[in-house]
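The following pair of complexes shares a single chain, subunit A, combined with subunit B in the former and subunit C in the latter.
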Partner chain A sequence: MSTVAYITARGLFGRRRALLLLPLPLLLVGLALICEAYDVSPADWGQPVVVGLGLAVVLPVTALIVGTGVLGSEVDDGTIIHILTKPLPRRDIILAKMLVAAGVTAVTAAVPLFVVGALAESVRFGLALAVGAVAGALAYSALFLLLSLLTRRPVLVGLAYILVWEGLLGRFVSGTRVLSIEQYVIGIADKIAPSAILDGKVSLPVAVVMSAIFAVGGTLYAINRLGSFSMAGETS
Partner chain B sequence: MSDAGVIHDIGYQRYEGPRLGRAAVFGALYQHGLRASFGLGRSIKAKIFPWLVVGIVLLVAVINAAARAQFDVILFDYFEFDSTISWLIIFFVAIVAPELMSRDMRAGVLPLYFSRPLRAADYVGAKVASLVTAVFLLLGVPQLIMFLTAAFTLDGGIGKVWEEFYGALLPGWAYSLLWAVLFASISLLIASLTGKRAFAAGGIVAFFLMTTPVVGVLSILPSETAQDLAGLVSPMSLINGVYIWLADGVDLGLDVGRFGPIYGIEAFCLVAVALLLLLARYRKVASL
Partner chain C sequence: MSTVELRNVSRWYGNVVAVNDVSMTLQPGVTGLLGPNGAGKTTVLHMMAGFLAPSKGAVTIDGSPTWRNPGIYRELGLVAEREAVHGFLTAREFVTACAKMQKLPDPAGAAQRALELVEMTGAQDRRIDTFSKGMRQRTRVAAALVHEPRVLLLDEPFNGMDPRQRMHMMELLHQLGDQGHTILFSSHILEEVEQLSGLVQVIVAGRLAASGDYRRIRRLMTNRPHVFAVQSSDDRRLAVALIGEKSVSGVEIEASGLTVRASDYGTFTRALPRIALGEGIRLRKLLPSDESLESVFSYLLEA
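Moving on to the complex of A and B:
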């Protein structure tokens, strides 16, 4: 299991590919620092930076790239067969991949969010954002990991979820919020450190339970899918 | 038949018909690119995503047109239409650009293409042209639907229809073309960097999405210059700015102040640089 995790991590980071993950968090912290340097009130810049960029773009896009990268790219170029033919329980493979994906996403998103939150309001707010981001990273990673087993085009389905479901519908149709991970993250962070920047629309129990359902349910279903996984050639 | 030195004549013949040149290759690539954009001639799986976007966009246009025809309410005009569906345009180029660029790299057909009388400029030109056409169709056709609905319900005869066509639809189409050119060149450049469609799609979306909130932040900085220049950061607001400058005072919800020309220059430079980088990218292609 540790070997699978090691190989997966090297697949993500090898050949300086880790640098590709840097611009998003740097932009997040950079913007917060610029606003701080110009003495803009956090009440003004908090909303666009923390929610508009951090929770709506950095967290889901990082999770999408990492979550589909750990498994989807191996399915895509067929190297997954090397892991599948080893005498390893499929459960261990999924758990290792999930661990790497969620860990990388959590670090990439939670650290800059903590810095931004601490700059915007208080260390407590920063911690709240970081906790929310970790919960979100688990839920998103499980979802995108599952997607890369369910469909041949996991990135596009994931993008449709982020752009259309959370982005477009989440703004106009309030009912979709119950199934939006972004709203869970906002709900959790808002409960830990209430602030004017965040506007949690789902209650804490709903947010926690639903994120757990996404994370655990997604992982379990992914294990089930990998158990009866069939290799397919290049299609469409 | 039995010349000296010939052991077996197994009947291979040389092709002696007309040979089509660069123009034909360009035309074929363009046509194939345009068809591939919408998954035409491919399996149903390749059609799902482009036509999902097309369906939503058409739905938005029809709702808008119906609201105008029935209740005389204009939800958004031809310009606002483009901005309203900007996220869907991002999604569309994230689907199509990797399809046009990354697939060729992945399938290893680039050396085959370039062993024909095809230059890098032709290849890049054909791909850009087909994506520009595809995005323009995505925007222009719904605008045409909105116009046709308006034309049949407007009171005031042919003069009013002409006014709507000349004063509203044509500028709207020009605006859509601007969107198409900018989005196509940038997304194709990103897609040409990797052979993996998944990474290319993620990169395109990350680029377009992460620039948008920056505009929101810069526009609240306490300097008027910074506020007027904020729109330069994101392609979407850049296009808005260019049009505000060209149309001189159209209100698209962005303040460009006296920096209009800078928006125009940046848009031009952005497209030019993206195309030049694409050309540079295809000066040499790896065989694998």
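Moving on to the complex of A and C:
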């Protein structure tokens, strides 16, 4: 399993796509620092920066880049075959990929969110955001890992989920929130450190249970799909 | 000793039948899987390697099904047609990683042996994305051989190799076959198969057209009627003369010349100039018109 994780991590950071991971957290922290420097009240910048940029963009987009990068790219270019032709249980392969994806996403998103939360309100609020981000990283990573095995265009489908389902429908159609990872993250963070910046719309139990369903269910389904991974011949 | 067996295997994609009721057994030694492009060779190989479920029938290695059974990869090595390799690794890192994933007791030693076998030790510390096609291919073979599998499947292994590399790879496969490994390689080039293997499985349009010793199949091929396009100074008179020749089984007169069907290649090509000379006819063109592999294969299919 460690070899799969090693190759996955090398592959992830060896691709140019990994550079995309840098600007988003920097932008997030940079915006918060500028607002602080100019003495703008956190009541004014808190919500747009923390929720509008941090939870609605930085966390899911990071998870999308990483989640599709650890498996989707290998499926796409065919290098996955070298990992699949080994007597490894498919569970171990998916768990290794999941570990790398969730780990990298959690670090890339949770650290800047912690900093921004601490600047906006308190260290406790920062921690609450970080915990929510870790839960979100697990759920998003499992979802995007699974998408890499279900569709040939995981990035496109993932973007549609983030922008259309969570971004558009999540704002206006209340029923879609039950299937929105962003709302679980807000729900969890809001419960740990209640704040005016966050407006949790799903209850804590729903948020925790649904995040777990996404993370565990997505992983299990991905293991099953990888077990019947098929290759079509190029000539036939 | 390992036996790969296909029993009444079919595979279809929607309405398209890619492989149609194929049964074959591969024994230790080198076997060539021969067929024109698009005949279903890759589909057969992918089913053997556990990357495609047969729609019907069973694919087994020593009795175990290959589909959804990762355990078979302890005994199976695959060199797929697609050349993608983790280019950011060096050859040594890549082959060692494969050895580790095979859970070998001494991954570094096994990787070294495999790289020596394919003569890649000179470039083993270079990143794979700096390699030529042939070097990449050899690295992939090393990765597939690192755990010394009893069954080795190779899809078009000679594509992109220069003649020296080709010869070296052939020697290597021969050697492995002699040691008792079961080796199957696919190719659409007759000569490759002829040089490498006595046993062939010929696939045409998804069906097993011939199976067995190459020489016997070759004989079948030489006995098939040959078609020639002929142009001369007097096509009609030449047609009359040709129809009297024993080795000619049919003549058609067309605007562009004659289409002659000969039952025996050698006799006809010797007889034609003699007949033309005797009749005082000048030959302008003589072209064997069905020498493509596809026509050879389709003849086998009819036979």
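Just so we're on the same page, the second predicted complex is superposed on the first by the 226 of 236 C-alpha atoms of A that agree within 3 Å, B and C clash if a C-alpha of one lies under 4 Å from a C-alpha of the other, contacts with A are read in each partner's own complex, and residues count from 1 in each chain.
Throughout what follows, contacts are C-beta pairs under 8 Å (C-beta built on N, C-alpha and C of every residue); 3 or more make two chains touch, one makes a residue touch a chain.
Owing to the predicted nature of the structure, the values given are computational and were not obtained by experimental measurement.
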Three-chain arrangement built on subunit A, subunit B and subunit C clash or fit: fit
Subunit B versus subunit C as contact partner of A:V155, first or second or both or neither: first
First (subunit B), second (subunit C), both or neither touched by A:Y38: first
Touched partner set for A:V57, first subunit B, second subunit C, both or neither: first
First, second, both or neither for A:I81, with subunit B first and subunit C second: second
Touched partner set for A:V4, first subunit B, second subunit C, both or neither: second
Between subunit B and subunit C, more extensive residue contact with subunit A: B
Which superposed partner A:V49 touches (first subunit B, second subunit C, both, neither): first
Subunit B and subunit C, minimum CA distance [Å, superposed model]: 10
Overlap of subunit C and subunit B interfaces on subunit A (superposed complexes): 235-236
Interfacial residue positions of subunit B with respect to subunit A in the complex: 42-43, 45-46, 49, 52, 56, 87-88, 90-91, 94-95, 196-199, 201-203, 205-206, 209-210, 212-214, 216-217, 220-223
Interfacial residue positions of subunit A with respect to subunit B in the complex: 20, 23-24, 27, 31, 34-35, 38-40, 44-45, 48-49, 52-53, 56-58, 61, 64-65, 68-69, 72-73, 76, 152-156, 159-160, 162-164, 167-168, 235-236
Touch list for subunit A against partner subunit C, complex: 3-4, 6-7, 10-11, 14, 77-79, 81-90, 227-236
Subunit C to subunit A touching residues, read off their complex: 13, 18, 37-43, 46, 49, 51-53, 67-68, 70-74, 76-78, 80-82, 84-86, 88-89, 94, 97-98, 100-103, 143-144
